[in-house]
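In the two complexes that follow, chain A is the common piece, with chain B as its partner first and chain C second.
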Partner chain A sequence: MMAPEAPPPRVRDPYRFWRAALLGYAGIFFLFLYLPLIVIVVLSFNDSDATGFPMRGLTLKWYTRVLTTPDMLAAFANSASVGAVAAILSTGLALLLGLGFRHELRGKSAVLNLIIMPILLPGIVGGIVLLVFFGYLGLRSELWTTVLVAHVNYVLPFAFLTLYPRLHRFDRSLEEAAMDLGARPWAIFRHIVWPLVRPGVIATAMFAFTLSFDEFIRTVFVTGYERTIPVLFWLLIVDEIAPHLPAMAVVIILVSTAVSLAAFLIGRRADRSA
Partner chain B sequence: MPADKAKNAVAVAIHRVSKRFGSVAALDDVSFDIMRGEFFSLLGPSGCGKTTLLRSIGGFEAPTAGDIQIDGQSVLHLAPYARPTNMIFQHLALFPHMNVRDNVAFGLRMKRTDAATTARRVEEALALVRLEGYGDRGIDQISGGQKQRVAMARALVNDPAVLLLDEPLGALDLQLRLQMQVELRRLQRQLGATFVFVTHDQGEAMAMSDRIAVMNSGRIQQIGTPAEIYERPVNRFVATFIGHANLIEGRVAEQRADGTALIDVEGLRVAGTAQALAAPGASMLAVMRYEKLQIEAGGNASVAGTGTSTLATVSEKTYMGAALRFVCRPGVGPTLTVDAPNTEAGRAICEGDSVRVSWAASEINLLAE
Partner chain C sequence: MTSPASGKTPKPFPGVRPIGRPFWLLLPGVAWLLVFGLAPILFMGAVSFWRSSIFGTTPDFQFGNYARMIEEPLYVELLVKTLRIAALTTILSLIFSYPLAWFLASRKGAWKAVCVVAVFVPFWISYVVRTFVWLPILGRNGLINQTLMGLGLISSPVEWFLYNEGTVYLGLVYVYTLFMTLPIYLALEKIDPKLIEAATDLGARPWQTFRHVVLPLSWPGVLSGSIMVFLLAVSAYVTPRLLGGTSGIMFGNMIANQFLSNNNWAFGSALSMTLVAVVALFLLVVGRWVGIREVFTGGKG
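Right, the complex of A and B next:
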């Protein structure tokens, strides 16, 4: 029989205080981050005509209202369709840019910076610039003209930044091998490049969709009668604190999160197989 | 089939080709012919321009100057997809999203070959590289050696006039590499195809090639059969790059009528074969390959004056398995390294022993410096 082992001597952790402090900080951090969200979710089920506490019992009626009011549905349709078209256009443009940028070009880095710069522009400035621009052109503010252009304009640099690294990593020797085997440029794109970058392109498009779906500041400057979800939301807040606002917020959060999550999963799969 | 056409015809003619990348001259006025049905290797150290030359033939680099002809036609104006060449890339570049069969079929499909012919030729190509039954495998479901074969099949199925291979065996371990060398050679003989093979492994080039072009910093140093290059290197670079040699500089003491010459190296006389007549007193380089020197124990009577032997003391002995390596110090002159076969007599020689080192004048090359 072995003698029972003596318990190891207790060493006082010299960083104990700091560890505790860090833990506390992290706790507060997450509280600030998520508490408002939780409050919104809870309030969205509150059976009371006034938004806010106290709780008066649970109900789903606000969700029913959100999902049946014609205004709401129209705004959802507007946001979703503009988001989809803006995502396709900006991702398509980003794909072309990215493919082009793999070649040696003169002034390449300058052009790259020009493409990315608009990200640094404050949204409100961007909105005013667009408003002035469309004013000069004499364009009426409409969903499929001004709003769509504003969204593509806003989303494009992000789409490019997401897609370009994937295209840049693409093994050029695959294209050379295809060319060596008789494939002309279009066939190379169709049979080699596209199948391999497709998951990355889809992930980028979904990301672009969420950006467009949530865009508010620029849109509010150039919007016409057809409202997008964020614009409608804002009008509802300004008019009155409508009791179904929390439910609406939850729906928006769900849509954005679902699309982002899907994009993330697709993107991760693409990176793993690349 | 290339094999049907006349042999002794030039398959690829490289004429005064230069290629500059900015200030780097990757190829500097390179000219030579590759014959039809030949296994031709480009051999040289890293960065000497082998890949650049191969890619120029395939159409992936445009030479700055010069012309490249295939079967008598200049191909400089042709894009890679229009050239009668196929290339096997250093990292194979198999299409990861296609299975083995679709990889091999790609070239035929691009040429709009009908489905039945494509299917038949793909199976033939897979049989040729001994991969029958692997058509449905994904590229990530086969071994390194099998990938190698898929790359071969993918190129050969197109029946190229010239097959270009850029260090295709570089990534394989030694055993597989030797096996694939034999395989490649078998394929090349069987098809009678023209292979242009890039390698920086001299043993590989020696074992596989009909002819070798030795390159250094963008220039051709020597072109010849493996034996010519090994036995008669034309300059110091070729002599050192291939095999192991004592390189000894001396002055011509005597030029004989039979083509041999005697040079004097710090008092040591070395007889060798000069590739060109040299005036007495001229500086020459003796290339004495380690294994061309013999070593024997003892030896006190020196055949003085003939320049084919010297007495020496062993200062270092290394056991290398197949061979024994001795570093010997002659009474006069530079140290000589000798590789002797691993025999009982050789093993009996120890460090500090007195030995006689000898050689045949015909085995020693004298190069004008």
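Right, the complex of A and C next:
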């Protein structure tokens, strides 16, 4: 004869309801985040001259148009090249600032305020101040002058804020040992500091690239005839009914997310190993 | 003022200084920020006192631009409306983001990493694209109208899904809510789970635990997120332009018009300086509760 098994003691979990509710809510939130993106992907294949529903068959022609129109290709080239240069410039400046910030010095607080100022400045004003400033200096709006400056202005604070903790976190003992052994500052940087911070610098530069690639509100005021991708996209939305807009949106989405994801993964790895 | 690095840096040996001369290391960045960051703002401040006419904008020192802004009710009303939209967007983002942040903070292991990245991904996409995506959802041929018509619930497309103040809220929350989610998530994650266990063991109901333990500890994240979202929303241009129609116009659109269509740079500069002043005033007020710079350095810097 078997003794009946005692039921396990009932543990009162007051959070069970809330956990379920939270899970449900998160599901709805993710739907809110992703449904519009899914819709745009579906529409990018719609064989219809009007953007929207109903679906009139599937086609790849909008992608062909996006990837072959000279305007589009020029804008992609502009965005990619100005993004790369802005990323290198702003990350370089941020790296120097970060190295400088390792020193104990007066006035650091004022410099930090100066660095953060471009983030606090409303984006639209950030574009207009350059339009007015360069306008009166007689400088024409061009990709490699006004747009580049606008992008570096915008990206520099973010580059500094992501790079600065990475410069501070690494172990200083190697550097100090090299110094004790009489290594010159440049040799210390070249052989010790740089190898340690390089993954963080690369992640920062890639992050900077994505910020520049997607920048719109400052660029739109100082772009001349050379358009970047977001500006061209904007002009297409505002000026005309362009059936290839969803396809263009998908291409932009793919580029932005791919580079951002790579930057995120590299950055995480760099932060872990540091 | 303590140095931003205090507490985090491993303490160097006395007398061993980091490499490089600080002056030369800081010079390029500071020079860039002074010439291309600060100088243009000061210059615009000067231009806001100039005079614009059909013959162009000429140097002057007069308060006509600011007087016009105060005298014509249109501008003050638009500024008030813009502040209202920014404030309500902030509150809506807080309400929608807080539970999500809690959801993220209470996941574990790989699942957590997946969820966090999944929240990030949409925000890696240009906000111009993310604003545009609502047009084919809410428009005449949009998903909602076509679905409702397909179901026979309506016979002709509903027009009011788009181009009003409500759509602006939807767009702004969609575009900026991560800036609320992220700092709250980071604050919640720092909370020691033992505190919540202890509260539960001591008989606190979930609501009491939230009210007296979780909420106070996440407060810095809430403040950081609110500051970010408010700043972004108050200077919005793209969302009201694409989704707001005429009734959803905001201050940023009025500024842009002075440069893109009216060609009144002096007045546009005055409007821009007003927006800068509003932002500065806001930061000054909230700066009493939270270090503004900590918002951007995540309390680490």
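Odds and ends about this structure:
Here, the second predicted complex is superposed on the first by the 250 of 274 C-alpha atoms of A that agree within 3 Å, B and C clash if a C-alpha of one lies under 4 Å from a C-alpha of the other, contacts with A are read in each partner's own complex, and residues count from 1 in each chain.
Following the convention adopted for this analysis, contacts are C-beta pairs under 8 Å (C-beta built on N, C-alpha and C of every residue); 3 or more make two chains touch, one makes a residue touch a chain.
In this text the structure is predicted, and so the values were computed from the model without any measurement.
Ranking chain B and chain C by residues of chain A touched puts C first.
With both structures placed on the common chain, the touch criterion links A:I252 to chain C but leaves chain B unconnected. Look at A:G182: by the touch rule set out above, it reaches chain B but stays clear of chain C. Residue contacts after overlaying the shared chain place A:L174 against chain B, while chain C stays out of touching range. Of the two partner chains placed by superposition, only chain C is touched by A:T210; chain B is not. In the superposition on chain A, A:L196 contacts chain B only, with no contact to chain C.
Chain A residues in contact with chain B (one complex) as well as with chain C (other complex) are 171, 173, 176, 179-180.
Across the interface of their complex, chain A is touched by residues 1, 3-5, 8-10, 12-13, 16-20, 22, 25-26, 28-30, 32-34, 36-41, 43-44, 47, 96, 99-100, 102-103, 106, 115, 117-122, 124-130, 132-137, 139-143, 146-147, 150, 174, 200, 205-206, 231-232, 234-235, 237-238, 241-242, 252, 255-256, 259, 265, 268-269, 272, 275-276, 279, 283, 292-293, 296-297, 300-301 of chain C. Interface residues of chain A facing chain B in the complex, by the touch rule stated above, are 171, 173-174, 176-184, 187, 191-192, 195-196, 273.
Residue ranges on chain B touching chain A, taken from their complex, read 58-60, 79-81, 85-87, 89-91, 93-97, 106-107, 110-111, 154-155, 158. On chain A, the positions that touch chain C within their shared complex are 14-15, 18-19, 22-23, 25-26, 29-30, 32-37, 39-40, 43, 50-54, 92-94, 96-97, 99-105, 108-109, 111-125, 128-133, 135-136, 149, 152-153, 156-157, 160-161, 164-165, 168-169, 171-173, 175-176, 179-180, 185, 188-189, 193, 210, 213-214, 216-217, 221, 230, 233-234, 237-238, 245-246, 249, 252-253, 256-257, 260-261, 264.
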